[in-house]
Amino acid sequence: MRRIAVLTSGGDGPALNACIRAVAREAFHHGLKVYGVRWGYKGLINGEIDELTSRDVGGIMNRGGTFLGTARCPEFKELKVRRTALRQMNQEGIEGLVVIGGNGSLAGALALHEMGFPTFGVPASIDNDINGTDMAVGVDTTLNTILDAIDRIKDTAASHQRAFLVEVMGRDCGYLALASGIAGGAELILVPEHEGPSLETIADTVVEAYTRGKAHCILVIAEGWKPGTQAVADYLSARKAELGFDVRVTVLGHVQRGGRPSAYDRLLATRMGAYAADHLIDGESGQMAAMRGNVLESFPLAEAVKTLKPLNLALLGLSEVMD
Amino acid sequence: MRRIAVLTSGGDGPALNACIRAVAREAFHHGLKVYGVRWGYKGLINGEIDELTSRDVGGIMNRGGTFLGTARCPEFKELKVRRTALRQMNQEGIEGLVVIGGNGSLAGALALHEMGFPTFGVPASIDNDINGTDMAVGVDTTLNTILDAIDRIKDTAASHQRAFLVEVMGRDCGYLALASGIAGGAELILVPEHEGPSLETIADTVVEAYTRGKAHCILVIAEGWKPGTQAVADYLSARKAELGFDVRVTVLGHVQRGGRPSAYDRLLATRMGAYAADHLIDGESGQMAAMRGNVLESFPLAEAVKTLKPLNLALLGLSEVMD
Amino acid sequence: MRRIAVLTSGGDGPALNACIRAVAREAFHHGLKVYGVRWGYKGLINGEIDELTSRDVGGIMNRGGTFLGTARCPEFKELKVRRTALRQMNQEGIEGLVVIGGNGSLAGALALHEMGFPTFGVPASIDNDINGTDMAVGVDTTLNTILDAIDRIKDTAASHQRAFLVEVMGRDCGYLALASGIAGGAELILVPEHEGPSLETIADTVVEAYTRGKAHCILVIAEGWKPGTQAVADYLSARKAELGFDVRVTVLGHVQRGGRPSAYDRLLATRMGAYAADHLIDGESGQMAAMRGNVLESFPLAEAVKTLKPLNLALLGLSEVMD
Amino acid sequence: MRRIAVLTSGGDGPALNACIRAVAREAFHHGLKVYGVRWGYKGLINGEIDELTSRDVGGIMNRGGTFLGTARCPEFKELKVRRTALRQMNQEGIEGLVVIGGNGSLAGALALHEMGFPTFGVPASIDNDINGTDMAVGVDTTLNTILDAIDRIKDTAASHQRAFLVEVMGRDCGYLALASGIAGGAELILVPEHEGPSLETIADTVVEAYTRGKAHCILVIAEGWKPGTQAVADYLSARKAELGFDVRVTVLGHVQRGGRPSAYDRLLATRMGAYAADHLIDGESGQMAAMRGNVLESFPLAEAVKTLKPLNLALLGLSEVMD
């Protein structure tokens, strides 16, 4: 192999730049040329592919986002579209591809592998919903961003005796809500994977926190939990008189995706990026880098994308005990 | 004077604890007893007043919020209610009151002063809308919190070629939007004090940023600007096809009020709190601490609450040049 | 079991408060009384033991340090001294002890266990040198603190074309140097576990970085590496004329131990503290909580303290490739 | 005027990039070409001068350091050397120069002005020692960096009952020590401008803090204070037995110069940079941008560099009262 390409795809997140850098430097170390694909699979199809120099990947490790850009590309599910992508890489003499992204992006890498093109994945998804790895790139920084917000909200909540509904990202996966809720000392955590208490029981939790003399009451809610943050807010304001606490809602939104990556994420992204490039060059394909304990292993993309990683629901119990 | 009280009132913000500490320590230094009033004027009326020890105000300087609690108290405009407050202080032998808060809170202090009770104010309002002082307590930390969010949003905006509408606090005053917009390099800033461009012109700004090759486009919008953030979002999505950028909205919300205070705010709060206690004890009343350049002066509460501090609209022009 | 105690011992670090809180709340949940021991084993010997209420452990999760205090206590190796400790606990009716600390502290817990007193450990050491667990409490926050310093130093280094020797904690263990060096993009990492290059080769690395056009050159050095940071500084200044870069030294010092704990550390400390209390109450003794992947397990204290956890020296190779 | 240049000179600090950007964008707005000089006056002499594009100054506002580089250049005091500089600018058709830096750098700008070449200064010095302006660029960020370190050190100090000597930058000027000491709640602040207490009295302060039950004792010492941090450390360790607290020393070092600039600094740097370019283009020379309250004014360089800005020693008294 003499030339490989790297792309970031799907939703962005922290430490993608650190990961691109690691892929490139590992490949340089093996004497290869490295190409950066702009805007994920979209750019791959359109041939937005440029050679990366060592300088291109210098000084980017501590920057949020991805300098290659990213995009969602649902049409990559079509065989015809993927053939266009292969033709583009062929024209540049590219013989392997590292894909950094979440489940959809890794499914794309798997599809290329099944068409006979060497690919290797790096799991990057702030939701930590990718099967086969303890952690995905970007999760740790996002957790710290959410926790920073929760700590701030607790300050204002305690100053006014308020209950806050804090909505965090996670359409199908409650990992961010669960982990930040425990780390932030939330009174209640609501995740898509678990039906959770009724609106009535939620209101009782708020009342109970007030009665126990708590200075504030924080509910962390994943955006994918049903019936949703607004339903809780509406229900609580209908029972306002009983609550003790005033209720406010904060939807954290896109701040969760940006920011200078944490030490954990930079180390993880660097290790995974180097692993992916190294193993791709060594002839492995259709795999992704997976962290198990402190050790990196290869994990089949076919397994990774088959299901979402299940949430450790035992931690919900821990959060109740800690409350 | 042998006993004074201190309260925080109105919306909370950073560095209130540092300010309470300074009031208390200055008064201790003069040999006085100091009383903390819980929940602002509400607690004053209800007699929620406790003596503060040196230990009570130790270790609080770096914590967000106010450990005394705060509340809005519209009924304090009634003479009868204020008489109750005076009676409560009388019962405890309290002879002076430091009020830390925004325009409404300082108006309460003025009213007590006009009833013959010695009061002194400290301007604390994240909006920086209090007349007579260059800066109010809490503004600087809030600006840094907003800027941190804008920096994060720029990361994700650039990764996806998106335009973001970032709504920040400021119902009547655009200071936070203006200052954070300049410090964050926003393409457009919309404030209540200035009609601003039409929706059409706003859309043109977004298109132009795209055409000029900008990686992202950030609009910082004060919550009090009319016709409002949602109106911009709706208009832009109706013209989606022309924009180049995808559009997203983030409403920062209550995270803006909390957090560990900045160096600037701790220094300002400490200086102003000590000044207020010192001058109250010295017999001044109906004044507030006002920062002019690097010097503290007394400024009449009657002047401070008469009007909102006008925004330096010349800075809007600067933001356009810097864009 | 009806009463357990908890102490923090040895060098302090982040997230100890979160861990104490978790021990206490888990025990409360089981209906037990919980006692906090002040100043580690020193306080245990002197009977500085107080019952903890739920309020005592509220609002402490996001604070650095340990509100119980900590100390080194070499005399705890003496049987006679440990007998005094057991007598003190006996007098209070305490039937089990959770020890939060590093190797020396856990050895103390093991010694008490071997005397028949139920103990359970939580590995807390910023050095990440405790055998049997992937991570110890406090490591992640400390890494982020170091990384923040390295990022700042890179700014000033690049502005002046300087090489910096950054000395970080780690007398016997280079984990902090290694992980922060990779996450910070250091040109060279020197750790006690590995002899490393000669002074001459180190100088060559600096020259080479300059020649390759690097804007700066960062060397991260563990304090326990021989011949030491100052020896490098002296050698480099003797060869100043050849280097290209000016050389500066920064010893990070005790800032590495403090600070608001990271999300990772709060989650780890909470899970480990709850695990320790739960298993101690269930009758386990002489064990510590150990994180393996995402799962907590019991690990024998006798194994944990036998050797230091070996450093993953393969990561040194990664750092060279990434440079 | 059709072409101006900009340089950063002397010690680096935060927000220099934001200032360069503002100079450039203001000049672009006036239709000028802008040239960036590398490595301060050194690069000016050597002709390291490149035209800056709008893209060159995009995305740099939130980065520490100066992308132009900086250097000290004592030889710029020589007339012959300055003539070389003028010739270099002449060759490029450059008709004016904005100098961003401290007293030495501004003296260079004054000297060029006195030779008839149009110059305008921006006061940038983390020491806040420049006469005529309330604040200099970089001070606020540095204060926050120091405060972050002090907060961390207090955590570990309280956990171990220690006294810490924290040495901060400031060879001739104690502003950073004074402001960070007050904001950080230090027990004692030692600055070059004030002889301060004897070593014996310093030791008494430590003893007294212990006796009063303080959890820790923090002394903030400017590096230029005599007899120096080490002398205090030595004296205190000789009287170790009486102190109560163990004593530790932390020298913060170069971390103080780097880091993402604060909101205050970005706003100040942007306003000052734009002001400097605007007034230089308008024909003013030999002046610098000076902040007075919230208003920018021109201030003669001849006045600015004549003396160091005096420290507000009244704040030392405040720090004693607050302790």
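Of note:
Labels A, B, C and D are assigned to the chains in the order they are written; within every chain, residues are numbered from 1.
As a working rule, a residue touches a chain if its C-beta (ideal position, glycine included) is under 8 Å from a C-beta of that chain, and two chains touch if they have at least 3 such contacts.
Computed from a predicted model, the values in this text were never measured in an experiment.
Each chain's centre was taken as the mean of its CA atoms, and the one lying most distant from subunit B is C. With centres taken as mean Cα positions, subunit D sits 39 Å from subunit A. Between subunit C and subunit D, the centres computed from C-alpha atoms are 34 Å apart.
Between the Cα centres of subunit B and subunit D there is a gap of 28 Å. Multi-chain contact residues of subunit B (touching two or more other chains) are listed as 151, 260. Under the stated contact rule, the graph of chain-to-chain touches is a ring, a single cycle where every chain has exactly two partners.
Note for the complex: subunit D touches subunit C at residues 8, 12, 14, 16, 39, 63-66, 69-71, 145, 148-149, 151-161, 164, 248-255, 257-259.
Across the complex, subunit C is touched by residues 21-22, 25-26, 29, 55, 58-59, 61-62, 134, 140, 143-144, 146-147, 151, 179-180, 182-185, 213-215, 260, 262-264, 266-267, 270-271, 274, 292-294, 312, 315, 318, 321-322 of subunit A.
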